[in-house]
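Note that the chains take the letters A, B, C and D in the order they are written out, and that residue 1 is the start of every chain.
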Amino acid sequence: MTSTPLQSALTSIPIDLVCALDYERLAPQFMAPPTLAYIAGGSGSGSSSAANRAAFARWSVLPRILRDVSHGHTRLKLAGVPVSHPILLAPVAFQALAHPGADIDSARAAAAVDATIISSTLSSFTVEQIARAAGGPHWFQLYFQPRREATMRLLRRAEAAGCSAIVATFDAVIQAPGHAALRAGFRLPPSCVAANLASEPAASALSALADGDSRIFQGAMRGAPTWDDLAWLLTQTRLPVWVKGVLHPDDARQLAAMGVAGIVVSNHGGRGLDGAPASLDALPQVRAAVGSLPLLFDGGIRSGSDIFKALALGADAVLVGRLQLYALAVAGALGVAHMLQCLREELELCMALAGCATLDQIDRATLWRQPA
Amino acid sequence: MTSTPLQSALTSIPIDLVCALDYERLAPQFMAPPTLAYIAGGSGSGSSSAANRAAFARWSVLPRILRDVSHGHTRLKLAGVPVSHPILLAPVAFQALAHPGADIDSARAAAAVDATIISSTLSSFTVEQIARAAGGPHWFQLYFQPRREATMRLLRRAEAAGCSAIVATFDAVIQAPGHAALRAGFRLPPSCVAANLASEPAASALSALADGDSRIFQGAMRGAPTWDDLAWLLTQTRLPVWVKGVLHPDDARQLAAMGVAGIVVSNHGGRGLDGAPASLDALPQVRAAVGSLPLLFDGGIRSGSDIFKALALGADAVLVGRLQLYALAVAGALGVAHMLQCLREELELCMALAGCATLDQIDRATLWRQPA
Amino acid sequence: MTSTPLQSALTSIPIDLVCALDYERLAPQFMAPPTLAYIAGGSGSGSSSAANRAAFARWSVLPRILRDVSHGHTRLKLAGVPVSHPILLAPVAFQALAHPGADIDSARAAAAVDATIISSTLSSFTVEQIARAAGGPHWFQLYFQPRREATMRLLRRAEAAGCSAIVATFDAVIQAPGHAALRAGFRLPPSCVAANLASEPAASALSALADGDSRIFQGAMRGAPTWDDLAWLLTQTRLPVWVKGVLHPDDARQLAAMGVAGIVVSNHGGRGLDGAPASLDALPQVRAAVGSLPLLFDGGIRSGSDIFKALALGADAVLVGRLQLYALAVAGALGVAHMLQCLREELELCMALAGCATLDQIDRATLWRQPA
Amino acid sequence: MTSTPLQSALTSIPIDLVCALDYERLAPQFMAPPTLAYIAGGSGSGSSSAANRAAFARWSVLPRILRDVSHGHTRLKLAGVPVSHPILLAPVAFQALAHPGADIDSARAAAAVDATIISSTLSSFTVEQIARAAGGPHWFQLYFQPRREATMRLLRRAEAAGCSAIVATFDAVIQAPGHAALRAGFRLPPSCVAANLASEPAASALSALADGDSRIFQGAMRGAPTWDDLAWLLTQTRLPVWVKGVLHPDDARQLAAMGVAGIVVSNHGGRGLDGAPASLDALPQVRAAVGSLPLLFDGGIRSGSDIFKALALGADAVLVGRLQLYALAVAGALGVAHMLQCLREELELCMALAGCATLDQIDRATLWRQPA
């Protein structure tokens, strides 16, 4: 597209970088177009990642006046654990695509601003390395492996590394590539590996499909985890287990009944089913289905008022995925920390002007549905 | 528009051709602009073909997690006949416009991927030639001719050629030309003939209109088939007779009462009444009107998730028209086969992520209406 | 804007002029930009003329199949008078702006295709001249003059010229200029006069406004006609009196009670109150208010399916304003006649495909509301 | 953006300046891009100022015919005081950004056309200077100062200067900068000072934030006024006290109960909470909450029909902010006076065509909700 040479990651925050969203605006100066297309895009046509953003614009926040919020704060207990604000770093695979510091830098940034990082099974550094960088609380996102022993090894390593929660992801068993990334010629560079899996034996080749078998059903989905696998997982660890990738209230209800620690409402940033609804649109009915079960929200957060809206519609806290990559590309650990700080101040500003001194005051009545 | 020289049809599938929709994207490199304008456009202003596409965007598909779909498949019985997937090639006139292989290539492609082809009365090759190429099941689309004898001759030829069903089309008695095609200077080349009708005597010139007669009512519509003609047709063949071009539930109800084998919900790809609603919008009320009568859907299918949505809203299977022409232009029989295979895998992927192992699990509850 | 030299009006219809709407597309080649801006625009920002067009897109027409329409026609009785189709030429002031033939050419065109022309008080030729050109039925649109004697003189001239109806217009007492025309520098050329008023003595200068008086209320609106004036008019002529410019059902109800012959639902082509709703949007409630009182529709007709929709929503017939000017500019009388013929055939085509053999079959059930 | 040299303010009104909105159109020729970005923009992304404008387009005005409005006028009593029309100049900070004449010119313009000016705490001239220029009624907008003594000094000065009402603003305790202005490099020039505060001692530096304190909650919001402060204010003056910046009906209800003179429904022109709903959308429910309490409307007025709509939805009168700055930039006092006169005539025209002779006839029934 453009032949402008890419910039190196910044080492200080420029004065015109004034909001979290600016990292998205600046990212194209710091990432090769194919990489950007891969990170920015969703699966297939990208309809679901676009839907994620559009959903926020359907809500306004009603300002209130004259309320005393001078005692205000953003503290909450997340599944019983006190945290200073409701912003977590989402698990993101292959962060080295954005910056060589990758998850290590993200973890350092999280530590600097009291954020929890959820490192990915497909992280560019190992869970042990990330744990050392994190300092503060860090969680581990678990993809089921073709064999239970491998899944178990990942689980035990996360426990040993001091992760305080497991986030099992089930909504992207197949991640169809995004059309834009494919057309931009994106390929995962050979140097970009899943560090956690480097020590795993290569998966045995899939047995050949029988005649008439589907590459989807009998191929990719053969080893996909099921409710039984989740039940098994819950018996294998004493860590709280969250489940990520839920949009349907029936799935949420069943998870609550099984005793998960919480749910992450997410359409995988639009990287799962192309055509899935916006995470934000699905959030209220999931909240209605699960009562007071802790809910995280993931999908399209770009500003503090987006966070406010997600909390008002039922989330306890939110995950930040793409902004994390953009900030990493623009300014490494410094960028991620600054981006998180921007989000938090934007949230506080929105709360202050909406007359909410604490997060529990952010309820559905603080929002206004935009006319169509 | 562009003076870029056209490409010859490809003989292998390039790596960046990753989804069925890509054939629409690439078609302009393989077709002269007037031909493309004719094929891509609808009648008049093209409002109804645009509506067909827009209708799909109003629906999302709700992902489900942890369901075992490893036994999944796309098989169904279509009016009692087992087929391996719910994708048929729509009848399309004058396929030689897109590629010299025309219906022969389409038929070969259909055979290669277990798809049924519905050859058109206005096909570029004869129904006998197409039947030989098809190998597998092939149906015949019937336009009533000005005289019943001619209609009967077509019917008997289709029966003799082994067609397993008749699809009588009634929604485009008059096909107003599309404005875009007219302005692009499109003319049907003299070489582009309806092979099935070549052996028919030229229709006697229409008797002159009386003074005050309408070219529409007393001209074009004088010979148009009516309910009586359909009743007659049903007595003339033991083949199942489908009726194509239905949007109104009252028409559908009457057809069901007459004993048709099934109905094709279609606005003729927007080539009939300019201003007709999207086929997809009309589908649910047609389904509601006819109970379990087999329904095919035609109108705007460009991806597997489009197929999923049509099935969820009441169709048993779908027809693919424009994509067939685009794929034919891009890569002949190979293109059509690959396009069909893409659609099928996209459908399987959508099913897998929506937790549907079989087509009968795709119901209205799998969809989510997008907020306006 | 463009410095392309303008074309002279055509003397034959080119082959690529395929629909009534084409006259709008071609008009810019035949009219100076300021004139076009004046004719195409509405008052003020032009919001209401834009609304007129947008309203049609919210409705689709449901196709029907297999109905015998070979006896179809477009005949109707308009306030008791048989006419061959429901398309009238709207009264339009200063037609010489578009073509020197002006209302004379429009009248000849109307005669050629059995259309009724409604000549304007502000016509470029006199009502007597237009009457001679019209041949067939012609109506007279009446603007109240500052003094009743002048109004009476116009009325008597129309009666003497053989006009068969009077259309009193009340919705544009003040016609605020359109911003676009003003900025394009449009001025009414001195040669462009209201022929009917040439023999009238110049209106005495308005008495000066008192201090604090409003140029609107005590100025322009001082002489505006009121309900009493209409009552007076109804006593002064035995011709049927229609009232043009009605959107509010209460006004329509009152008019019906007063015994007008019919109502023209119109927002004056968006040239009256800038911000008025689309004529089409107001039509159903006016119809509901007046029972079977004859209703004409005026506002945005560009195609036969537009006419179909207006009839389905309650109109008995429609007026064509801007298209008349465009056709006049493109090809004079020939253009207007061809445009009217296109509209009629487009209407017939729409009727045929919607299964309506006659106008009275076009009811609300033939339409489909487009989803938002 | 553009390097076109800026024009000096005009000294006469050019002929193509035909409506109030034209001042917005012309302003870019008279203001440096960064200044324009600051004035035109809202806080943050500018979503709420855009929402203000979009809200008006959702309403149409229903024309009425044949009503006698020759006795029409725009007079009203505003909180008991007779005024000749319902258009006030909104308080706007730092008017010298637009024109050196600033609030003095605005005040002179207001006097010339019988408008009330509400001068800002942050005006470029002192309240005493503005009072002298105003001649007619002038109000004072009050921002609470960090210390009550300073607030009291401002109040006493306003009283002494003859201000007839106090407008206390509470909706922009924190005004987040607009992204567009920041990126355009806008900085308040050193010469641009708040004249009223020049004699105030510099505010003592804020005490340092404690560890873990929020710059928002414990910083900016520490000194923010609360309900107690408003209650105190109401005891300190005999002038009527209005409260500006209300969107929530509960806030409005509480204010009414406290005995304020009236409320200004406003989202601060989109300069407060980025993401607040349009002022116009919030207006009806505020009106419903407060019965007959006087309501001013502020937010997006650009034309007389906008004023009509705001009155129809519950306002008694309206404030004009950005247009005031644009008119000031284009033609100083003359521009502001002409802009106000345009608005008033546009309102009168809209009233006349809607059949409303007086403001009290403008009710909800005069409007029509545009279909989505």
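Assume a residue touches a chain if its C-beta (ideal position, glycine included) is under 8 Å from a C-beta of that chain, and two chains touch if they have at least 3 such contacts.
All figures in this text were calculated on a predicted structure; none of them were measured in a lab.
Of all residue numbers used where chain B meets chain C, under half belong to both copies. The two sides are thus made of different residues. Distance between chain B and chain C, defined via averaged C-alpha coordinates, is recorded as 42 Å.
Between the Cα centres of chain A and chain C there is a gap of 59 Å. Shared contact sites, meaning residues of chain B that touch two or more other chains, fall at 372. Shown are all chain pairs that touch, namely A-B, A-D, B-C, C-D.
Residues 44-45, 47-48, 51, 55, 58, 170-171, 173-174, 176-177, 179, 182-183, 185, 212, 214-218, 220-222, 224-227, 229-230, 243, 245-248, 250-251, 267, 272-277, 281-282, 372 of chain A are the ones that touch chain B when the two sit in their complex. Interface of chain C with chain B (complex): residues 16, 18-19, 21-22, 57, 60-74, 84, 303, 305, 308-309, 345, 348-354, 357, 368, 370-372.
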